[in-house]
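Here chain A shows up in two complexes: once beside chain B, once beside chain C.
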Partner chain A sequence: MGHYMFKRLLLVLPTLVVPIVLIFTLLRLAPGDPAVVMLGDQATAEQVAKLRASLGLDQPIYSQFGDWVGQLLHLNLGHSIFFQQSVLSTITDHASVTLQLTLLSFALAVVVGVAGGMLAALYRGRIVDRVVMILAIIGVSLPEFWFGLNLIFLFAVTVRWFPVSGYIPLADGFFASERSLVLPALCLGMIQAAFIARLTRSTVLDVLTEPFVTTARSKGLPERIVVLKHIARAVLVSILSTIGVILGLLLSGAVAVEVVFALPGLGQLLVDSVGRRDYPVIQGVVLATSLTFVAINLLVDFLYALVDPRVRYE
Partner chain B sequence: MRTEHKKNHRLRNGIIVLALACLVLTGCSSSPSNGGSAASTLVVAISADPPTLDVQTSTTNVTQQIGYNIYEGLFAPDANFKPSPMLVDTYHYDEATKTYTFKLRAGVPFQNGHILDSGDVVASLDRWMKLSTYAQLVAADIVSIKATGKLTVAMKLKQDSALILTALTFPNQQAAIYPASVVKAAGDQPIKSFIGTGPFKFDSQQVGVETTLSRFADYKPRTDAPSGMAGKRVADVDHLVFKSIPEASVRLDNVTTGAVQIADSLDSDLYSQITSSANVVPTVTKPYEWPTAIFNKSEPPFDDVKVRQAFLAALNMGQIMQGAFSSDKFYQLDSSIMAPQFKEWWSDAGSQYYNHPDPARAKQLLAESGYHNQPIVWLTTRDYPYMYTIAETAAQQLKAVGFNIKLDVVDFATIGTRRAVKTGWNIFSTALGDPDPGADAYFSDTAPGWWVDAHKDALVSKLNSTMDPTARKKVWDELQLYFWQQVPLIKFGDIFSLGAVSKTVSGYTPALFPVYWNVSVKK
Partner chain C sequence: MSLEVEGGGATSDPVADSPLAGRRKLRHVIADHPSMIAAGLMLLAIVVAVVLAPLIAHARPDQIVVTDRLKGPSGAHLFGTDNLGRDILARTLYGGRTSLEIGLVVALISVGGGTLIGLLVGFYEIVDMIVMRIVDGLMALPALVLAISMIGVLGAGTTTVVICLSIVYIPRVVRVIRGSVLIIRKSTFVDDERALGQSEPYILFRHVLPHCMSPVIVQASFIFSYAILAEAGLSFLGVGIPDSVPSWGNILTDARSYISTAWWMSIFPGLAIALTVLSLNVFGDGLRDMLDPRLKER
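And now, the complex of A and B:
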């Protein structure tokens, strides 16, 4: 197990180099210039040139890249051009919202998705199955943006149970903070739940025909044990990687939901920073996202090794 | 199957209860109603987060929108956009010595307790001249700014300049007066202490969420009647909160529920939703700006005036603006570069050239020119949807007379970079609006579009060095006529901006630079 983990950890480095090089090069190749954006329409060419020089943008790309990697090696993500503060604090300012939103919506997605999918499979062809699958198809087809606006109309404007938009930090009270995230979490969570429900259903249906299920039942085990101990464990292995990907997606920020609900999360930060050509922030967020995905993939692999002994002996 | 069904019964119930519990936990854990706000708090929805509250350096609108509640300049624009004294008590221009003398109001406190003096003004204006792009309009005309007494500042000019007061007044990259100590501490970097002489002081900021100001109790207001941003300012509310809400319809929803009292920059198709709401009133800001297409006159085909004239002759502005805004509540067709709301500048010179679509004449002008159907690259953007719609409708009309238009749809930041280079594009979309025509960047030879023309230069120079307003207007009439004959760019029309205000608010006037003093909220 230790050897397996060490091997996986070594493979992380090349996985990180690719996004680092790609994002840096793509940004510098794309048109648009932070100095022009910052100075606005009235700026003269001399002012733009002066600002470019002070931001180091007049240097050749390889030397800019060298400087950035040098900073990274010192665990320094650089300085935001737009916010005039360190990229790390810009990211942490925005990451807390995303993290909280992720936890809420992920819990919702997994519980509702797995429960719905199992119900549908166990009652295949019956009314429960039909209802769950229709809801799931609607869920995967819903555009987040549209769904979010409708949730606002229903629960914030019509019945006024929740605030229309905005984020209340945890420091202002746990329940107030969670309440401000209920609608966005519903919006994100229900859409992801639909994916998980469909996947769980088909996986359970596959597992139900496996010999070990027949064996378990023929031993006279109660159905509860068969489902929760035997079927659920097998299903978990199959859907673990998908759940990992969903967690990664949620953690890297949900752009549409954050814009609709005016949440200052990582998704909105990234999109705004692209509009402003705030290179250091874009690079920082992409790097943080890559790290998140790598970490989650590692975690999923380790969990696989735990759940399925065959993996660690390969 | 039946037995299996029974066995599953308890399991199914368990799963359903679990799923419902989850929904209940996340969905219904709140007390009802989010409506209503604290009695003396005015909440304004803004579309983006301010990057800084240093108004001298940032061109971002939201920075200004928040900033001019905190800081004041020597002058402020009145309702007709004319410079009106703010921190200045009296001023005088001596033509013989080419010197402005500004006498400051006495006993005006900053929010840190320091009392305004000439040292603050000199330090602030020196920094503004160095860092503000708007200041560059006049920087070359200014020889020196010196304190000549505790409350007197002298500004010596190289030559007469009608733009000095405009530049000191203009609310974007405002010539805000900071305490000299704040300027000294900041240098060329953004200021860290947000201290001014305005009716509200900075309280707190939560990145990406909101910026909170509160009433400055020791504020010393002017005594003259309020007009636009000028005159007496009174903070009628205890707290002024700016909430960042990027999505327009969500800004409106917040006004509907009472979480926010004022929202602007709404899409025009939300108008009917506002009028059907019982507690919200629509506001229309007139004028807002004017959308334009700027030609690259440094290379063919638009270096040829006949091609530009053909372009103008092909356009039906009514159709174009209707396509972009659907209702004429949100635009007006007008040949005057300065909208009718700028009463002192409005001019009908050259109106015979604007919005007289004549495809036959356009074809004839094209035939006489050197244009041979080469592709014309029009840089436009969906970041501002009306810019794209205008370009698309205009392109149809232009294709009909023989222009070979290729729309290149990019983000606005890309337009900013590509237009700076003289090749690779022929037209770009943008929107303009300045309170003084002499301040318009497109008259410069060096601004993208490169209108190099000696007669135009002579007129602009005369416009900006004539101090008498009546004489200036005559020069402007002449320059506007020349504009429509030479067509360096296209004015499609004037556009307005839709906003929404809660019925609990009184005293608010929609404006290009809206103000939140003299505005109160009913309990």
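And now, the complex of A and C:
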């Protein structure tokens, strides 16, 4: 196991290099002088020169890159022009909303998706299967933001069960806070559930032909035990292996959902920073998401190797 | 599990090659894949409607009529009007031109580029080492986050949206094609060609590429649908196609502010996106089942 973890850790390094180089080059690819764009038309030449110096833009490109990576290692992501504070604290201010939203949606997506997919597979060809699969393909075809608009129209405008938009911080009470996240999480979660249901159904159909299922059945185990113990376990392992993909979809979807429901999360921050030309924040958000993403994928790989020993010996 | 479908045509069976059998085969395809055919017809209808936009909609998409602000669906405006009095039917149809064009171009570039890279990567191990690390790195960034940040810095516009979405989807195609090439490379007919003294590029394009066509076609239909969703999302967020050109995404931007008073502003353009993407997905699923019979009935 130790050997496997070491090998896997080494493989992660190149995966980190690409986003870091890309994010660094991004700012340098901007048309015109980034300092001028960031400060706007009203800036004086002095202010521009000062910002250029603080961004290191007056240095040669290789030393800029070296300095930038050096600062990253000290968790220094730069300074936000709009918020007048460090990018790191701007990101941590917004991260908790995105974290809550993603976790809630993920839980919802796994529960609904696995249940739906298993039902469809076990009643294959029957009406349940048809209904679940039709709902699932509709789900993967809906734009998240439009699904969100419809949820707002139904549950916040027509029947006023939930607030139209906005976020109540955790500090103002746990339940009030979660209530403000119900519609957004429903929106993001149901669309991911559709994806998971499709995946679960094909996994179960695969597993059903495996010898261990036949053995379990021929031992005379009740069908309930076969499904819950043997099949469900295989499904969870296969979902574990695609968690990376699901998380990427969730994080991408969260951007649009946060904007639709006016939640002050990282997605909203990213979109607003694009409008404000706050380049250090854009870089910081992309870097933070990709680092989280890589870290979670690594963790999943370790878990996967723990659950499925075959992986370790490959 | 019916294995008799496609692929059998590769052998030179005189009966299968006769025109009569061809027609019978087509009828089989229609009978075996009714939902795929329905989805194909739906797509065709959407494309025709979008191309014939000037004949269907009476108004121009950017014609502002202040007195007609926020009118519900009626005989004069089938889909109603928006907050500036613009006809939503016209905007949906003309917006479809932009969205479908972008989806198609992104699909062609991503699948073309991805296939080429996938072929080279799967065939030459040195290229594989380097390129696959870059592919992994690019896939370590959530698609929409990567696209928003690139567009945010490069500036919104049709070209940047196409370039950024292609960069997002090329790695996905590379992975799929590489997988197929790695399997085909090991088959005996590739060894035979080598023994006959054929050059590597000749084998690659003349023999390996045709065997990758099924995944290529399936990927093209899925990327087309992803790209339409992505463009809509980006433009809705205001970081895609600028407001001066209607697209399915940017006509929905204002709909959010009027959700409690003018539901028609969001319903119709959204339905257009959902129907198109749904048809593409059903069509793609059907293609996959047809071209890869092993996956059928899953």
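Methods note: the second predicted complex is superposed on the first by the 275 of 314 C-alpha atoms of A that agree within 3 Å, B and C clash if a C-alpha of one lies under 4 Å from a C-alpha of the other, contacts with A are read in each partner's own complex, and residues count from 1 in each chain.
Just so it is clear, a contact is a pair of C-beta atoms (placed from the backbone, for glycine too) under 8 Å apart; a residue touches a chain by one contact, two chains touch by 3 or more.
In this text the structure is predicted, and so the values were computed from the model without any measurement.
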item: Joint occupancy of chain A by chain B and chain C, clash or fit; value: clash
item: First, second, both or neither for A:Ile152, with chain B first and chain C second; value: both
item: Partner chain(s) touched by A:Pro31 [first = chain B, second = chain C, both, neither]; value: both
item: Which superposed partner A:Leu251 touches (first chain B, second chain C, both, neither); value: second
item: Between chain B and chain C, more extensive residue contact with chain A; value: B
item: Contacts of A:Val164 with chain B and chain C, given as first, second, both or neither; value: both
item: Chain B versus chain C as contact partner of A:Thr289, first or second or both or neither; value: second
item: First (chain B), second (chain C), both or neither touched by A:Asp301; value: neither
item: Contacts of A:Pro19 with chain B and chain C, given as first, second, both or neither; value: second
item: Which of chain B and chain C A:Val260 touches, first, second, both or neither; value: both
item: Segment of chain C that clashes with chain B, given the candidates 26-34, 44-52, 134-142 or 242-250; value: 242-250
item: Touching both chain B and chain C, residues of chain A; value: 30-31, 149, 152-153, 157, 164, 259-260, 275
item: Chain B residues within the chain A interface of the complex; value: 4, 7-8, 10-12, 15-16, 18-19, 22-23, 26-30, 32-35, 48-49, 51-52, 58-59, 133-134, 136-137, 172-173, 189-190, 206-210, 243-247, 249-250, 253-254, 256-257, 259, 383, 410-414, 416-418, 420, 430, 432, 441, 446
item: Contacting residues of chain A [partner chain C, same complex]; value: 14-19, 22-23, 26-27, 29-31, 137-138, 140-146, 149-150, 152-153, 157, 164, 201-202, 205-206, 247-249, 251-253, 255-256, 259-260, 267, 270-271, 273-275, 279, 282-283, 285-286, 289-290, 293-294, 297
item: Chain A contact footprint on chain C (complex, rising order); value: 133-134, 136-146, 148-155, 225, 229, 232-233, 236-239, 252, 255-256, 259-260, 263, 266-267, 270, 273-274, 277-278, 280-282, 285, 297-298
item: Chain B-touching residues of chain A, taken from the complex the two chains share; value: 30-33, 36-45, 47-48, 82-84, 90, 93-94, 97, 104, 107-108, 111-112, 115-116, 118-119, 122-123, 128, 149, 152-153, 156-157, 159-167, 169, 175, 178-179, 182, 185-186, 189, 222-224, 227-228, 259-265, 268-269, 272, 275-277
